[in-house]
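Report on the following structure.
The first chain written gets the first letter, and so on, giving A, B, C and D; residue counts start at 1 in each chain.
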Amino acid sequence: MDDLYREVIIEHYKNPSYRGKLDPHDISFADNNPLCGDHIQIDLQVSAEGIVTDARFDGQGCAISQASADLLLESIIGKTLEDVKKINKDYILDLLGIELGPVRLKCALLSLKVLKAGVYGLQEAGDDLVE
Amino acid sequence: MTLDLKKIRNDFPILGRQLRPGVRLTYLDSTATAQKPLQVIEAMDEFYRKFNANIHRGVHTLAEESTALYEGARERIAKFINASSARQVIYTRNTTEAINLVAYSWARANLKQGDLVILTEMEHHSNLVPWHMLQAERGIELEFIPVTQDGLLDLDAYKTLLERQPKLVSFTHMSNVLGTINPAAEIVHLAHQAGSIALVDGAQSAPHLKVDMQALDADFYAFSAHKMCGPTGIGVLYGKTTLLETMPPFLGGGDMIREVKLRSFRANSLPHKFEAGTPAIAEAIGFGAAVDYLTSLGMDNIAAHEHEISEYAMERLEEIPGLKLFGPSADKKGGVASFILDGVHPHDVAQILDQDGIAVRAGHHCAQPLHEKFQIPATSRASFYLYNTKEEVDLLVKGIYKVKEMFG
Amino acid sequence: MTLDLKKIRNDFPILGRQLRPGVRLTYLDSTATAQKPLQVIEAMDEFYRKFNANIHRGVHTLAEESTALYEGARERIAKFINASSARQVIYTRNTTEAINLVAYSWARANLKQGDLVILTEMEHHSNLVPWHMLQAERGIELEFIPVTQDGLLDLDAYKTLLERQPKLVSFTHMSNVLGTINPAAEIVHLAHQAGSIALVDGAQSAPHLKVDMQALDADFYAFSAHKMCGPTGIGVLYGKTTLLETMPPFLGGGDMIREVKLRSFRANSLPHKFEAGTPAIAEAIGFGAAVDYLTSLGMDNIAAHEHEISEYAMERLEEIPGLKLFGPSADKKGGVASFILDGVHPHDVAQILDQDGIAVRAGHHCAQPLHEKFQIPATSRASFYLYNTKEEVDLLVKGIYKVKEMFG
Amino acid sequence: MDDLYREVIIEHYKNPSYRGKLDPHDISFADNNPLCGDHIQIDLQVSAEGIVTDARFDGQGCAISQASADLLLESIIGKTLEDVKKINKDYILDLLGIELGPVRLKCALLSLKVLKAGVYGLQEAGDDLVE
């Protein structure tokens, strides 16, 4: 009915393919969306060549944030960490196929921030990671 | 006297807004910020068109006029809360700055390691973080009056905490999530009996209840204009004169001084001692217009109207299957309805309601610890003010059914 | 390009005001606060009529719109001062609060007893009192770059002071009394060479000069909207990212947090870390409109116009017997003319000029130590901005002759 | 020509009768007008019965502040200290015979604040003294 709730988003929200945890994992990072308190954790398995071989996310969030996490992880499996570092805001918006205002954008970008903070080995998932 | 809603709604231009073709605004987010009546918008507009000048130091006509308007607003705000003197009304940016002023000036001069500050589990971040910072810096201790499952403060637990001789009890008059109206005068009285001073966070009470500094007897009371039909950028710290007079200044700069030498200064008298630099002049004047507006409607009438809407909303919302409301029953709370809906994240609730122009807030509403207590990360919150109607409650309920359908 | 004064003056409703029958306003007090063009007044008016909502946390349409407007203004302000990122632009109430933010957050985390802070003798109280307070609290040392008899900073003395390895050099870009435009980039560069950081008080430069954070290279730069055609209640602290990121928060509360637990919090990222509570939303939007307005005229054109008026004013004022001007020659200063008149107190000068609608300021202009240096308690000050004309200078001169007559 | 500069004010400003210092004195107090930095000192001689027998002011200020100091001191000689304590804003405005806005009012009231702070033996001449 509305762009924001395209079927693909509702589908990934209700039936995510990459929800869960990975044990063992090579990279694991978690952080919050300061605006709403939503929390997300991302675990990665990475090959010796630096290629993401598996990925999972866990935590709570709205349809936008959960669907974008699921879509994001789906899209990075098989990519190198170097490629992951290059992912930005527009990449996510393309995956979701929607326009978002500044507040909902934060929901959509939370998983990317957490992913990149993990890949870079940072303390915190800052906004500058996705600019 | 009941409010003339038709007339009132005409005072608020935004309430007539079409968000999208065919979609009218239903504003149910006044707890975050209230809408502004023409009387307030025009007072500020007029100030900039006719009177704008910096205050206090100018002898020219505009400066005399703007000073009189700025100080006149202070007088009316003082009267609105029944303060004994306008000197007790210190302009700040908002409630948050008012509480920080107390934390920086009063608390840093009076609290030492091990001193106890009592807060509650239902505080807004603005009445938590300043004390967290002081705890890290000074080693003060923090204790919290627990919140019961039905959203009330546990006063027995409070009385037990008081035996530990706190230096300060700082608590919200009304919860911005649960809507709970706390027995503020009683809590203050008990604090005083235990030898403590008391700060009341009035961010949600000043807009919705008749507050009276003489009856409340709080040592400090903090509130924001933007939540009570006034502009952004201005709030107030009220304080008892003897406390304010003995407190060191907070921000240093122009206007808060009596005399400045190259290497020293003497502070000005109240209230100027705490107002450094060019203040929010137009905003103070807008705030004055806002309290005039509220006074003209009558705070008792406003509270009665909100109560009626709120009671109706509770009834209607409770009927919705899978919807859980937080907070006490309607007789113990203000016009706030925070809820969760089975299987739907609050953000999605708010977003889908927005498609029909219904503005509610979703998130932790700057009260994360309270949400943690109830083991939920977020709620959706509809809140009601003097301009809301029962028809708007009906739209909300209809919208929630639509949400359920989409995620069903 | 020269400014189209007729068109510009029409943008400012107050400039057409009749103070009393037959008495038109001649506003020569822009150094205290500037007048506001319709573009700014209407931007805020429109915000309250159409978009008002609290920002950041709301997902409904109004909240998305107001957040976009608020953050959009930040982007344009960042561009106006050529900051590399909008994250370096922190909204404060005014210049004063911006300087206090540095004094409370950066300085209290970095300065210890005996550490040297260099100021100048021409500072506004806003760049003195915060350091007096820190001196009393921490035992830091203060030294002052002397002002020469013709109102310039003594840079040789500064270089000698730098040998004492200051931690901070904090100085005004342009004096609000003398009008002196200090060689800010050079002062900053010398500070850096000596291993010190530098804070520039831009309250008078941002409104009147083209400022460029990349060229200036200051670590902090503070300014106020109300002096540059914007509203009261909003200002900015610009800071270098690495400094801002390592500084502890200042005010605690909503919006400046990433996460709050009952007994602890984690701070948000820049710029939000330093913006606690509901900010001055309408005012930020008004500030954005103000920098748009200034940009549309061109800061170089504004500076050139002011220079022309100022040069003419100096010439005319110097001809008046018994009038003594303070500050350097017109080529080294902005549009400020501070003077004393033999045998007449500055208050009386201002008051009598006011009878003809001429608004000048009288007093110490929040720079008492500078006045003490020149051994006078007060001056009268006429100041010029983009909307002032040579005819207004003529009215001023005529008015001063009238004053002389009355007290003759 | 203008109310504010009535002849009596200009006259008292130009030729004050009570300018100077008293040595010895029984009461002496000085303070500033925080708005403009003007400074005023007032010396009193007081009899054993608590009656003001002589008074002088010194310092700098505008016509309004100087004239009001001169008029004020003129009016209190012969009064008891108790009477002086009762003097308020309106008394000064009556002496001056003019209306004043909030800023110039501070000029007019500076001498009264200093006088009363001296009589009460206070540290500072606060605004509350003249309300």
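Rule of thumb we're sticking to: contacts are C-beta pairs under 8 Å (C-beta built on N, C-alpha and C of every residue); 3 or more make two chains touch, one makes a residue touch a chain.
Given the structure is predicted, the values throughout are model-derived calculations rather than measurements.
Colleague: Using the contact definition stated above, find the chains touching both subunit C and subunit D.
Modeller: Touching subunit C as well as subunit D, we find B.
Colleague: Could you let me know which interface, A-B or B-D, is made of more C-beta pairs in contact?
Modeller: Counting C-beta pairs in contact, A-B comes out ahead.
Colleague: Using Cα averages as centroids, what's the distance between subunit A and subunit C in whole Å?
Modeller: For subunit A versus subunit C, the centre distance works out to 44 Å.
Colleague: Taking the mean of the C-alpha atoms as each chain's centre, how many Å separate subunit A from subunit B?
Modeller: Taking the average C-alpha coordinate of subunit A and of subunit B, the gap between them is 36 Å.
Colleague: Where the centres are mean C-alpha positions, what is the separation of subunit A from subunit D, in Å?
Modeller: Those two chain centres are 73 Å apart.
Colleague: Which subunit B residues touch at least two other chains?
Modeller: Residues 57-59, 63, 257, 259, 347, 351, 362-363, 368.
Colleague: Could you tell me which residues belong to subunit D and also touch two or more other chains?
Modeller: 35-37, 104
Colleague: Could you list each pair of chains that touch one another?
Modeller: Listed in label order, the chain pairs in contact are A-B, A-C, B-C, B-D, C-D.
Colleague: Which residues, counting only subunit D, touch subunit B once they are in their complex?
Modeller: Result: residues 31-32, 34-37, 101-104, 124, 126-128 of subunit D touch subunit B.
Colleague: Taking the complex as given, what residues does subunit B use to touch subunit A?
Modeller: 345-348, 351-352, 355, 362-364, 368, 371, 377-378, 406-407
Colleague: How about subunit B: which of its residues touch subunit D in the complex?
Modeller: Checking each residue of subunit B against subunit D gives 56-59, 63-65, 67-68, 71, 87, 257-259, 268-269, 272.
Colleague: Quick one: in the complex, what on subunit B touches subunit C?
Modeller: Interface residues on subunit B, with respect to subunit C: 13-14, 17, 19, 25, 27, 29, 32-33, 35-36, 40-41, 44-45, 48-54, 57-63, 93-97, 99-100, 103-104, 121, 124-126, 128-133, 135, 142, 144, 224, 226, 231-234, 249, 251-257, 259-265, 276-283, 347, 350-351, 353-354, 357-363, 365-366, 368-369, 372.
Colleague: Spell out the residues on subunit A that touch subunit B in their complex, using ranges where they run on.
Modeller: Those residues of subunit A that touch subunit B are 1-2, 4-5, 10, 35-39, 60-65, 104, 107.
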